[in-house]
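Multiple structures are listed underneath, in structure tokens.
You will see chain A twice below: alongside chain B first, and alongside chain C after that.
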Partner chain A sequence: MSKRPSILELVGVTKQFGGLTAVDHVDLKVREGEFFTIVGPSGSGKTTLLRMLAGMETPSSGDILLRDKLVNELPANRRPTCMVFQSLALFPHKSVGENIEFPLKMRGVARDRRRARALELLRLLRLPEGYYGRNVTQCSGGERQRVALARAFAYDPEILFFDEPLSAIDYKLRKTLEKELKDIHKESGKTFMYITHSLEEAMVMSDRIGVMRSGKLVQVGTPEEIYLHPRDRFVSEFMGEVNVIDVRKGPNGHAVGIELPGDFALPGGVAAFDTGHLVVRPESLRFLGSAGEAENHLRGTVYNEYALGSRIQYQVRVGEKVFIVERLRQQAYQGGLDQEVLIGWDAKDSILVTD
Partner chain B sequence: MAATAGSGRNRRLVWIWTGLIVVFLYLPVVCGLLASLNQGRYFIFPIARWSLRWWDKTINSIEVSILIQTSITIALIVTAISVVLAFCGALAFARYNWKGRTLFQRIVLLPIFFPQTVLGLALLLWFNMLGLPLSWRTAIFAHLVWIVPIVTLVISIQVYSFDAALEEAALDLGASRWQVLKEVTLPVLWPGIFSGALFAFLLSWGNFPLSLYTTGADTTVPEFLYAKMVAGYTPGVPTLGTISTGGAALIMLGGYAIVLLARRARSGR
Partner chain C sequence: MTTADASEALPPRAIARRRLRLRAGPLLSLPLLLLLAVGFLAPLLAVLGFSFSEPRSFALLAHPTLENYETIFDPANTVYMSFLWSLWFAFLSVCILAVVSYPVAYGLAKLFGRWANLITLLMVFPLFISENVRLYGWVLFFIKNGVLDGGLRSLFGFGIGDLLFTPGIIVFGMVYTYLPFMLFPMTLGLSMVPQEAVEAAGDLGASRLQIFREVELPLSLPGIIIGALLTFVLSVGAIAESKVLGGQAVIVITHDIEIAFTYAQNWPLGAALAVLLMLVVGALVLTVLRHLDLDRILGRR
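Moving on to the complex of A and B:
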């Protein structure tokens, strides 16, 4: 994958609205055929960035290069890219078939050729051919999703953009569609660029992920890199619930807790630091019989537990802080609530971030 | 059991109340109809002798057909112009964000709240000042001043529910600006434009105060009805009134039928 040429290149792309900088000097290369996802909380500028790439906004400064050609000013209807909108934006007055044929009709393709292509796309997206004449308002959420995708494919774009199209869909269907989208990406070989506020969604589908915060692209990497080596506290917390201990540099390569008393062994390969945050994932924490069973430990009380299906989550109060411990059901905690416990983790399962 | 009896009584009360309101609203129209079926010159109830004489006279009257022609001409031209102006106005009102939008939203609706007689008088003075001779043409302008804001409001309601992403999506799928308008914007806003057109026609058709000041020597149906009420009443007046009301009702029902048929054709595919 890494050997593929880049299809899209962003150089210092910036967008200002009045005094507000929505997108701040973003540099990025998206590779041909890649499934690239931009993740960020709402207001992080990800939608604005995508709209600039699709030609619906013009960058205030910086360059957008599509196959090495500058496209900053090229309007959306002349870019070889296509967007699947959050609302899907299916034309309510047109049938499923007419929606899919729309880009072909705009290009003046003959009626029977349009129809043939629409039917082909219905098959590709696993929709029955009978849907051709159906009204889009009669389709279910998942079907509408596929119609929108078929319409985008009919345009035959070089890059497909997705503006959180799954955010309004219920959990179970969303999970199915995420996998389906990944399959379609693989089958079509097109470059997909997706934006979402859900890192979980990004992890399932993407080849690479870019994390955005306040208009800046803070980290780009594979899902594994982002999960294992978050660049800062923001990225690590964005990954889901984590336990964060504020620490400063202690003697012999250890760290000393700032708000919590304790001396913690650090993972290998930590760069020099004065203060930082030690991030421990809930699943890396376990209950200990004695302090010697893990490299680091804390003493606290269990004050609540939540069943999450195959896993159980515990909230353990240590001093003023609450730690989240997640265990598989088979390794459930046996003691009662409000009991004093020892929780611990090994140094290699923690991450030290300095921002 | 007591609850169902109570709700049954409540339902009956609702029906009676609704019935009373309908009677209250439509009784005057029925009165007009009854008055037109009276053979005598003056309306006395109960009617002594029923007759279609005045209907016959009215329908065959050249004067009445000229009146109706004038009214229809004005209403049709007002409809055409106001729909075009109001469509653009509604986009500015409800769709696009621009600097003076809030001010525009307030100013554009103001003429609706002017007393129409004052507006009519003001327009009369204005036309005089410009040296424009008064006729049905100046009445068109007068009607537009009052009707365009209302039609703008009617179309705006449709524009507010219009997903702006539809236009962007069409553009993104390779459509030109013109194609976006033709393929997406107009068809999606069509129900609003259509009801706006109906409003424009009916408001112009029934308008009296503005026409009174601005038609000059020409006369519209409401003006004629008023003049005849003041002097020279015959049962031809309620006859023409009934025709005018009936015509408006037919246009509205016809419009409703078209919307219904279009909706059925669309979902029945």
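Moving on to the complex of A and C:
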């Protein structure tokens, strides 16, 4: 996969609105046929970035290259890319069929060939052919989603952009559609570029993920790389709930807590540092019978517990700090609340980040 | 009756309460209903009654007759010309208004931003002054040796003579007077076009013209239709434009009706003309509304 040529290249792409820098010197190469997701909190500039790639905004500086051709000034209607909007932007006055055929009609394709292609796309997206004449406003959320996707496919773009199209859909259907989208990506072989604020969504679907923060692309990598080696505290915290311990360099390759007393063994391969954050995922923490059962340990009191279905989450107070411990139901904590406990983790299950 | 069954099962106090609630609606709308009956329905019925009364009489339906209608439909009578002029003027005004207003409405809805309020105010401003006064202003502008003709003469040494008292100037007057009534519904219609639908159309390869034809025009159609109906009805009923700007060059139907009621002292004939005008305009408007399903255009169904 990493050997594939890049289809889209961004060089120092920047967008300023007045005094505000929405996108700040983004460099990125998107590979042919990959599912690339940009994830970031709202206001991180991801939508602006996508709109520049789709041709709805022009970069203030920097270059966008599509198959090595500069497209900075190329308007959206002449770019071989297509966007699925957050609102889907279906045409309310047109039927499902007319919506799907729209890009073909704009190109002057004959009526019967348009119709044949629309029916083909309905099948590809698992919609009944009877939907051809139906009004889009009569379709459910999931169906509208598929109509928007079929319309984008009818354009036959080289890259499909997605601007959080699943964010307004309820949880269960969203999970189904995420997997479906990944299947469709695989079947179509097209390059997908997706933006979302949910890292969970990004993890499920993407080949690679780029994390954005305040207009900057902070880290790019596979879901595994981002999960196992977050570049900084922001990325690690963006992954979900994590425990963060501020530390500074201690003797014999250990770290010493800044707010918490203690001396912690570090995972292997840590670069030189003065101060940093030790990140421990809730599922890496466990309750210990004695201090010797794990390489690192802390003493605290169980403050509260929350059932999460197959797992149970505990809040453990250590001094002023609250730690989150997550265990499978089978390994549930047996003691009562407000009791003193020993929690611990192995050095290899923690991550040291310096930013 | 189901209501009777239901009330049997209810305690008496509940029945009383329900009756009171049922009566509250009609009771509260009574003042307005009375006002409409006296101020709107009664004059309408009076006009209808007079149209069947003896010509030149002032007695309502003393001797019911169809004579007024016979007079109007008499092949020798040329009053049908007035009808045709009125409908033609109204049709022309609506067409010109649609073309003239669309760019302004587009600007108000999409381009002018915070200037839109100021421009709207400027458009409404003339409405504060009586229509007749404004039309006399135009007379001074267009009259021979007036602002336009005189101005050209002193600047370039030649004038364009008198532009008044022609059918064209009547249409100009109608377009001028009824512009806000086309502009504002149209602006509303255009501002209801979702920006993302326009962007999506462009992204899917539509050119500027295609976006207009495929997305903006159909989605703003409700506003255009409402503006067109409003200005059509107003233009058919207009009289001041043809009297003030048009002189007596063309007699429109409303002018005929006025003549019948005042100068000719023939109320029944005027009433019959008014009834016919209402029927013609009403039929036209209803036909348009029937063939254009606003809900379907807006995608509500």
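Some notes on this structure:
Criterion: the second predicted complex is superposed on the first by the 355 of 355 C-alpha atoms of A that agree within 3 Å, B and C clash if a C-alpha of one lies under 4 Å from a C-alpha of the other, contacts with A are read in each partner's own complex, and residues count from 1 in each chain.
FYI, a contact is a pair of C-beta atoms (placed from the backbone, for glycine too) under 8 Å apart; a residue touches a chain by one contact, two chains touch by 3 or more.
If you're wondering where the values come from, they're calculated on a predicted model, not measured in any experiment.
With chain A as the common reference, the superposed partners chain B and chain C clash. By the document's definition of touching, both partners, chain B and chain C, reach A:Asn77. Residue contacts after overlaying the shared chain place A:Val136 against chain C, while chain B stays out of touching range.
Of the two partner chains, chain B and chain C are each touched by A:Pro103. When the two structures are aligned on the shared chain, A:Ala54 is found in touch with chain B and with chain C. By the touch criterion defined above, A:His93 lies against chain B and chain C together after alignment on the C-alpha atoms of chain A.
Shared-chain residue A:His229: touches no atom of chain B or chain C.
Of the two partner chains, neither chain B nor chain C is touched by A:Arg113.
Once the two complexes are overlaid on chain A, the chain A residues touched by chain B in the first and by chain C in the second are 54-56, 75-78, 81-83, 85, 87, 89, 91-93, 102-103, 105-107, 135, 137, 151-152, 155.
Taken together, the chain A residues at the contact with chain B in this complex read 54-56, 75-78, 81-83, 85-87, 89, 91-93, 95, 102-103, 105-107, 133-135, 137-138, 151-152, 155.
In the complex of the two chains, the chain B residues touching chain A come out as 163, 165-166, 168-176, 179, 183-184, 187-188, 190, 266-267, 269. On chain C, the positions that touch chain A within their shared complex are 194, 196-197, 199-207, 210, 214-215, 218-219, 296-301.
Chain A contributes residues 54-56, 75-79, 81-83, 85, 87, 89-93, 102-103, 105-107, 135-137, 151-152, 155 to its touches with chain C in the complex.
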